[in-house]
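All chains are identified by letter, namely A, B, C and D, in their written order; residue positions are counted from 1 within each chain.
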């Protein structure tokens, strides 16, 4: 009884692995449905096109995942995306020359919002939902007051091209590549570096992390800053994709990013899940959306279906994933 | 020993060939037990032997794979409510009180006196107060549970169980955080209930209590019922070897008297704050400094100050003689001070994470890598320590939350064995809920450490343990040091007297 | 007699009550239009739905959950009442029934282990969709008889407002003085322990969400009393507003802490704030900022008044 | 003195005896969430500055496109006893009670750019959204010679404007069996969402002859999608927003692209204020002023497009260059 069987790699957590597997299984199913339901639906460049045009969600969801992992929740991402869009277009003023500066400012704005979120959560010790909601609302109020409802400036033509262009003659959209890059960065940081492991512990049990000398506050704040950054990147890409800044385009992304993470097996209680899972979650949402549009499903039915699917998928996941004594 | 004479009545509780496996681990295999009215059954076994699981099955909290439970001859349907209805009450190993409610509200939770749909608050208070008095528990029914000491909470928990006037009362390690006076309260209570014909199952790792409380004994080993019989037929040692499956000759290894006191690695000078009053204390390499005291008299605070969890409001902390601000655990760890907190589930472990992750948490670059994380290296290091601790887990990848209480404690302890530069190890009640075998191993390891020149600070409410392990016993009463007794020639009476403030400091 | 826990929970709300009373004394002096009966009437009418939804939200949050489907239920409620197909009374009952049903489904999902956030989010999508299917665009026809009842008022006090306050009081009583309420508080504080100790946490959960659904249904009627029409989207703003109110009321998102009754002054504060900003002719976008700041300050004060660090707490 | 005309409308003019020369006007900005609503508000303010002499002050409120908020806002104007109320009903039905309440308080209500399901308002100045939908659809059908496969891009499902334009279009398509709607999406008047939707439509139904879009930004999104996909452009409907017009002109006729920009002119706000003042000063006015939707077509495109102004500018305006500039960079 006392011997130590060394089955499984030391990191293996059956829980996580199973839900991860399940997330991708779902994604594959959706993909197949999409494929068979439409003429030459399996054409790779179409798939890549879909991924490219939904990169914004993918990127934002990764930041959301990091925050969720440390027991947080970022309800401000949508507003942050819009803020980034407004800043971008105002500073770009339609000139390609301004692009670098504009990008820098937009991302900085996003990071700043994240920083404020993090500091409020850590120092004022407010519940994340509330803190980020409040900050988000304030940000929204801010850009409305400043723009009086009308985004200033314009997107530089060169930058607009960027959204549709891509590597290998445009088949691999830049947006998708950025998404992959962000995901890779997050995954490697979390699972292949020591700080990453510490970060996981902060989410799994802050008190323990604190006692183990891990900078609870530093890590928590870092997560929110990361989320602010990804939100800004997402917002910037969305703007490039659309061709003009919008004060409302980001709104739907807040809950969508949470949904994606949760479908991907990220626990709202922190410490459990991974950007890799979220990646699957995004695929599921995106494919589903595409299927519904291509089937010409009326908007109300689409709305209802998406809601139902979200619930059903959670239920199935739960059936599928055993829960141990540790579950709480 | 009144309870010994209580005449066994009809069968209160019968378990028929109960089995339960969790994924890989067999927790309980084909166990049949019976408990007569008025009997007090000692259920013993190593950590992970399956005691809690078996009890949880009886209390309906865990659904068995096979087997059934009968109360007074009627088969029990699954579910806590059903069990409760059938007159089974259980005090769980993990406390289940609600900190947002008062003592009274907790005691009568789910059984509040109501007129129509509405709860009668006055009736509630009075009933609760009465129950507490009956049990000889002196607590304000209106006190918020959140503010009670662990010991007091445990008493409330017991009161809550007894309030339902159970036919069968299950106490899963109820004394783990009780101090001796409170244990007396519990004993009196158990005797009374047994007289009334309640069948009682008593799970504990504290031998002397087992012999004091119980009439019968059942021994679980690796999930199977190894032996059962009258406790009267068992000697201390026989019981232990029955549990562990081998002889535990002497629980406490001999003191390797660290000759020639060296200078303290860690010291407190007139430290005050967090309920402490000018504490002065030397922690010396190669010695076990025991800190005795009744629950909530500040000994845990001392541990936290030493570990940098709390910064003293006045006074000095000296590391290797040099005044240092140990105002964060990070700094303490950097100074080579390790800390094992008492509330292992909430502060000591990340239950969802693997054994490896939990153990290697503070492991330095050598174990998990400097920046790039080295899983293999970590696994190797962890596996070695796990083996040394005889840790019972399916793999180093198993989630710690799935381990038994005692094995969780081992993980917590093993964490610091992975630290090469460990100079001081501060342990707050490290053997709470840990079985004898494991305790022997842990004490052995503590000695190894002291032999290696590590200084050990051992906070404990179990005076026996301090008498057995400590080189010096520092006794605390109301946040003050009332005396320091050399461990060798200390007696329980002496330490208790100091701990109860009955003896003025010399 | 008021129990200790109930009393301590109430005490936390005292500053809020004071604030409201002061505001109700000072504002009329400062602002002439505020004084008018018409403004009072408008204020109360607009508060009614918010009060109802927030009361339900409060109970769910006390249970440790959250209900994002309130908006959907309100919207669908208004739609059902406004469909000429069904006669007025039936429609009204139907709206409430649908609310309860939706709540129960939420509860079941949560019991099955779906995070409340996800469950109710999905539910709001479903309900919103159904609402749009029934009534594609705002409008419809509300039966005269029903409308007459819904819009009853002892001017300037609208019936809807009275009902809302009554409902709130009932919810508070239920949470404070029934076994169900105790189970809600216990489960909210520590669901695992609640399960282990065999409390009827399942039925308690179902009832909590059902109550929230019922109140949202009623809120739907209160909205109709203002808009005389159905609109599947009309509940949208109530989702965040209700959560805001619950938080201002000092009910911890981690569950088990707070008093439903304090929702009344909390909602009042929010309503007065909006009313004030409108009357002062301030650009309504400042409203976002002001609300956010008020919210943060309020909750920061609660946290400061001695609760454990929220960022260490379970869940969002 | 009150003329017979204003009595016909059944609305009381200024209270008899009292003769004001300057008035307090309540203006509820229904929304500031998109470029059109912003320009509408700007247009109103511009108009106010033109009629400064007759206006004591304007009480502004803002409804965030929320029917209940609008009710509260207008109610607050009643509390403040303004002389007249100009509003853009967010929901035609929900506005009814508050309009009636205003009547009871003898405050004239002028509806700007959106109808309400009552005739108790004082005057309505608008362009029918149904008509907008119809005109665009008719143009598309004619352009395709009565038969073809088309995409439909709607705005926000459940929004009255959306539903009315949609109804107008469907009514036309219904009359032509040759017309097949192969795919449709509610892209929330958002360029990105439209582009995304059309991208997947193109993948699923590559064979398409026209796009009926009920919003200029969405039409731009559609164009972007077609180009990104390398799909030859097809005739599309849109609105009179500069962004679309600029692209349209750049493309030129040879691209195979053709369009019509049908929209509500923002200068309706100017007319609304004028009517209001007529009402208040007791001059005759038209109760229901439903204008035909002005359309931008290939013919008048060159004269209307403003290459040097941003995409979000709506060309059919009475704002002077200075005011326009202040709207975009101020």
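Here is the rule we use: a contact is a pair of C-beta atoms (placed from the backbone, for glycine too) under 8 Å apart; a residue touches a chain by one contact, two chains touch by 3 or more.
No experiment lies behind these values; they were computed from the predicted model shown.
J.: Decide which interface, A-B or C-D, involves more C-beta pairs in contact, and give its chain pair.
T.: A-B
J.: Between chain B and chain D, what distance separates the C-alpha centroids? Give it in angstrom.
T.: Between these chains, centre-to-centre, one finds 73 Å.
J.: Where the centres are mean C-alpha positions, what is the separation of chain C from chain D, in Å?
T.: Inter-chain centre distance comes to 35 Å.
J.: So, what's the distance in Å between the C-alpha centres of chain C and chain B?
T.: Chain B and chain C have C-alpha centres separated by 44 Å.
J.: Quick check on chain A: which residues sit in contact with 2+ other chains?
T.: In chain A, 144, 207, 298-300, 302-303, 328 touch at least two other chains.
J.: What positions in chain D touch 2 or more of the other chains?
T.: Residue numbers touching two or more other chains: 32, 157-158.
J.: Where in chain B do residues touch two or more of the other chains?
T.: In chain B, no residue touches at least two other chains, as defined above.
J.: Going by the touch definition at the top, which pairs of chains touch each other?
T.: A-B, A-C, A-D, B-C, C-D
J.: Note which residues of chain C are touching chain D in the complex, please.
T.: Those in contact with chain D are residues 33-34, 36, 38-39, 42, 46, 49, 82, 131-132, 136-140, 223, 226-234, 236-237, 274-275, 278-279, 281, 283-285.
J.: Any idea which chain B residues touch chain C in the complex?
T.: 59-61, 79-81, 83-84, 92, 94-102, 104-105, 109-110, 112, 114, 117-122, 124, 142, 144
J.: So in the complex, the part of chain A that touches chain C is made up of which residues?
T.: On the chain A side, the touching residues are 71-73, 120-122, 124-131, 133-135, 137-138, 140-142, 144-145, 206-207, 216, 220, 255, 258-259, 262, 267-269, 298-311, 314-315, 318, 323, 328.
J.: Please name which positions on chain A make contact with chain B in the complex.
T.: Where chain A meets chain B, its residues are 1-2, 4-15, 191-197, 200-201, 204-205, 207-208, 210-215, 271-272, 322, 324-328.
J.: Can you name the residues of chain D that touch chain A in the complex?
T.: So the residues of chain D in touch with chain A come to 32-35, 37-38, 41, 154, 157-158, 181-186, 188, 190-193, 195-197, 199-201, 203-206, 217, 220-221, 224, 227-229, 243, 310-312, 327-330.
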